[in-house]
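Chain IDs A, B, C and D follow the sequence of writing; residue 1 opens each chain.
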Amino acid sequence: MTVSAAPRSGVMREPADGGRFGEFGGRFVPESLVPACAELEEAFRDAWSDPAFRQQLDMFRTVYAGRPTALTPAWNLSAELGLTLLLKREDLAHTGSHKINNVLGQALLARRMGKTRLIAETGAGSHGVATATAAALFGLQATVYMGERDMQRQALNVFRMELLGAEVVPVTSGSRTLKDATNEAMRQWVAAVDDSHFCLGSVAGPHPYPWMVREFQRVIGEEARRQVAAELSTGVPDVVVACVGGGSNAAGTFAGFADTAARLIGVEAAGGAALTNGTPGVVHGSRSLVLQDEHGQIAEAHSVAAGLDYPGVGPEHAQLNRSRRATYVTVTDEEVVEAVRRLARTEGIICALESAHAVAWVLRAAGTDELPRGSTVLLTLSGRGDKDVMQLRAGVTA
Amino acid sequence: MTLRLATDRPLLIPYVTGGLTPDWTGYLLAYQDAGADAIEVGLPFSDPMLDGTTIQQASDRALQRGATPGAILDDLAAMRDRLHVPIIVMTYANLALKLGVARFAAVGVTGLIVPDLPLEESAPLEAETEAAGIDLILLAAPSTPDDRLAEICRRSRGFVYAVSVMGVTGERTTLAPAAFSLARRLKDELQARLPVLIGFGVSTPEQAAAGGRAGDGVVVASALMRRVLDGANPSDVRLDVVALRAALDGGESAAQPYAEISGDRR
Amino acid sequence: MTVSAAPRSGVMREPADGGRFGEFGGRFVPESLVPACAELEEAFRDAWSDPAFRQQLDMFRTVYAGRPTALTPAWNLSAELGLTLLLKREDLAHTGSHKINNVLGQALLARRMGKTRLIAETGAGSHGVATATAAALFGLQATVYMGERDMQRQALNVFRMELLGAEVVPVTSGSRTLKDATNEAMRQWVAAVDDSHFCLGSVAGPHPYPWMVREFQRVIGEEARRQVAAELSTGVPDVVVACVGGGSNAAGTFAGFADTAARLIGVEAAGGAALTNGTPGVVHGSRSLVLQDEHGQIAEAHSVAAGLDYPGVGPEHAQLNRSRRATYVTVTDEEVVEAVRRLARTEGIICALESAHAVAWVLRAAGTDELPRGSTVLLTLSGRGDKDVMQLRAGVTA
Amino acid sequence: MTLRLATDRPLLIPYVTGGLTPDWTGYLLAYQDAGADAIEVGLPFSDPMLDGTTIQQASDRALQRGATPGAILDDLAAMRDRLHVPIIVMTYANLALKLGVARFAAVGVTGLIVPDLPLEESAPLEAETEAAGIDLILLAAPSTPDDRLAEICRRSRGFVYAVSVMGVTGERTTLAPAAFSLARRLKDELQARLPVLIGFGVSTPEQAAAGGRAGDGVVVASALMRRVLDGANPSDVRLDVVALRAALDGGESAAQPYAEISGDRR
């Protein structure tokens, strides 16, 4: 991996002052947290322009997390669908999803800032496991907040976090899912800003998180860009597609192709589609599109994929949607479960329910105007399905 | 009609979650009757990021009862003739921005607190509230650096809300030392032109008295809401506010600013 | 990866005629299977000396399975133990273990031979999942035989195989574990040799399996050799250690270091230690060391790790043991569970129970004469622990 | 004293799993009495790779009863005076190699079948058995190519065991066509100097008769063991062997070599 100094402006480069992406973004946090956010922004800015930091991060990505991840042509599915479908294999990254990219960056940064503890929220548990992992590696403590309902759905990930030495704290307020875990993590951060870094798991939250997390995830898109170029005569795919929960794997992927002619498609869960069904609002520290009722109360999301069960979305996606640089679509739980099966049977890859959203869209769109025959598609497979197997099995035998 | 506060005694601003009980406006009258200088009314939000368990529970209960921001404001409008003390609405940015300032002004609200709207984000609302004659009260925290603190003093209206602790709302066994140093910085070093009210965790009359001495008064929320959640009716809670009032006014020994209360009720 | 033509003789090169490693090995199969074994030997010999086949295999290893896998220094554990411990990360390979290396090779070979179905035995399920995966990828049918007891212990892997389109057949004879599944797979192979390839999962079985599977796993050792050389000033580690069930990950690893001065250590489960406690015998098609009673009845093995729950071992290991080129040791279930925890907490890596055997030995031996302070150690982490998390959790909370 | 077999009629070799029942040697007498030309005695092995469900079950049951190879051979030794037909031991390589040829010879065994010892592995045992006066009977399979088949004919002793099917032991509804072509290859093309016995799946008198016409006789195992597992005692099973004998000897119509039996008993 080469150390590239990102240009300061342009699509998917540095946000405008205050962390603004058009009218979205910002830093809507209690005054108590403003200094911590400012300190973090400063530290990130400093680290990100420090070649030594980048080299160190690259080293951990390579020798520890297994990057670069493979780019796998979906040979059989491509033939069946009349496409060229290329899979960016984040499922092969250590801990089983793209979440490790972000977490290694933040943990290194936290260490650089002298913090001794990571606080994190988690939905599916992928980000929690990744955080617990990085904490173990760097000798930091980790406290992970997880909705009680998600803890039941993803019991094995809870155990994995504990095995890694993290403390997992059940969150019993609100809908007892990711949004409530995020509230609780932020509350706890307020009380522990001195020694703790809030290791947020997606491109949401107050500035600098949406920008910083996207930059840490940019490696997906940059690697894919190079790998796709070697694979396709056109150099760039017609379509780049990724699932969107908070939007970090999509943002990291899109970042590698923002300056190309590739169409960027984000796929949301039908039951958690902030970009499709949301309205502007402020939650978890930034202004974005949010699922909310007419009074402004945040709605509960509902998805078979715990990692997409989130009523908000990263502010940069709201802006990419507004500016029409990216298009956002939804798929249903049924399509998603079917997509897991189809990919398993055709390519021998059991992907995460989250990632299967992107696959489901390709399955539906292939051969239509949305995705004509002969298209070339880069799809980010954000994670592996091991964590979901128990859930799928229960659903399938039920 | 902006916030007008007494200047001759430590200020007492008790809090109530709007819509928490069917007769919730009864608490407003009780507070007024017990000597509140102003009343803070919370509009319950689904995702109260800066609130501890007690206010979270109060918000959840109100929402479960079907409370909506609009209905709460309507209740306030209906009380307008019977309330002489200023009403300050506290709610999160998403609700505040959605409702719009005109709506607050229309029901006679004279102050607004939005805890997740720091300086970087508050300018538009400052302008709107100013135009509507509402005071947008800004919060200062123990972690706020000096230059920012000065800016907060400059831009806040009505009073400066000094958050006593790095943490969320909720009762605590002692008033945090940070409250005293923050109040000192605001009053002594910055010579704040506005009253400095200490809030978050003021739980007992002793703590209120200590807060009143360090700053210009206190906001009391969780301690009262805990009582209401436990079943206290307006006249019960009135007595609590009377005790707070008395302590603030020096009617009671306040020799022990770090007084213990039984159990940590966070 | 470069295409290297292996020399025809030398330690861990081609076995003597008839697939003999000293007095071990051979082809003890029913006459019905002899032609199939001979055909397979021929086909493997032909493919393995065909650069096109090797290139194709390398391609699938790289773009599909995620090779080369990382070499991760165990920074924290090394410091704690006073060693340099380097982990070869087979846990990062697609499907979560080294088993995919072998299976990709055999599936490609089966396709080249015109077979349309893979038959496999599995213990932990890792090999079964890998086989089901390769079958899906190459459009082959897969039938996996699995002991009924193992199906219970590894229920999630059963579901994974089914999701991948494989048929999993419970084996209810004998001890209902791996050895019985192997018997059953061979029985079924007899009846289906024409269109089916028996995709054996370790370096056991009749000639050419022990040789062929070791060659397909050699990639572990060869990659590690290059990676270690870049990491250590000495070029070669003092000790190379891997767990031994049938012995394929150990054989593949050892093969890369057989011609060096490195000490080779294989770690068996105390309850399934054919090399330590076995006597010469014939089972599953070859002569090797076997756990058996005084009458020659094969014993049941007992290990917390289903993948090591096997009373036999690959014949080449019997010979490496006999010739003292490699040393074999055992660790207990308790040491293994503790090793999983220790590695998770120090390095953020949850490894398979099988792989933890190698870790457990390092933990015990470090600082003793067996493994003095300052030693450099290459340890093959054969797989990830996701499959074991349910079992560990049950054990830990029980 | 190697295997001596009749040459004037199709041969019948019934099988029994040693130690299957407490009175298992009673089956030997019943077989002899019913006209067996030799008897195959299986030494049960924990991992019977080439056996179908029936023989697996028989082996498991014998082992569970505590049968050991040594005890079975002792039982045979005790029967020696009462048995006039040759006894052939069939077992897997691990047991055969462990026991050693001398042990078989000592109890009067005259033939040995080791199904997982193909030509590549059998040379040492061929030499040892030859020296001990025991016939090592080699197996041929439908998949065996010509050159190998010739080698098997050359090196086998006593008879050539023609495995009728690509599969494991076990009853089948028909005698596989492969049995006939294998027998033809052995007898017509290779002019085998030894008797060719067809085994694996010979389940009914009709199948036995067909096997006897195609080759020089049959080995019948699973069909008899199924009966024993179902509770048949020696005199019950004696009748089955009588029927097989009669069919082989042509005392019964054998017009239907592919006769159906009810249900697939594999």
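Everything that follows uses one rule, which is that a contact is a pair of C-beta atoms (placed from the backbone, for glycine too) under 8 Å apart; a residue touches a chain by one contact, two chains touch by 3 or more.
These numbers come from a predicted model, not from an experiment.
Centre to centre, using the average C-alpha position, chain B and chain D are separated by 96 Å.
Distance from the chain C centre to the chain D centre is 37 Å, each centre being the mean of its Cα atoms. The centroid of the Cα atoms in chain A and the matching centroid in chain D are 66 Å apart. Counting partners per residue, chain B has no residue that reaches two or more other chains.
Residue numbers of chain A whose C-beta contacts span two or more other chains: none are found. If the chains shown are joined wherever they touch, the resulting network is a simple chain of contacts running from one end to the other without closing.
By the contact rule set out at the top, the touching chain pairs are A-B, A-C, C-D. By the touch rule above, chain C contacts chain D in their complex via residues 18, 26-36, 173-174, 179-180, 183, 186-187, 190-194, 281-285, 290, 292, 295-298. Those residues of chain C that touch chain A in the shared complex are 62-66, 69-73, 75-76, 89, 92-94, 96, 132-137, 139, 155-156, 159-160, 163-165, 340-341, 344-350, 386-387, 389-390, 392-393.
The touching residues of chain B, when paired with chain A in their complex, are 45-52, 56, 60, 63, 68-70, 92-95, 97-99, 115-121, 138-145, 148, 152, 163, 166-168.
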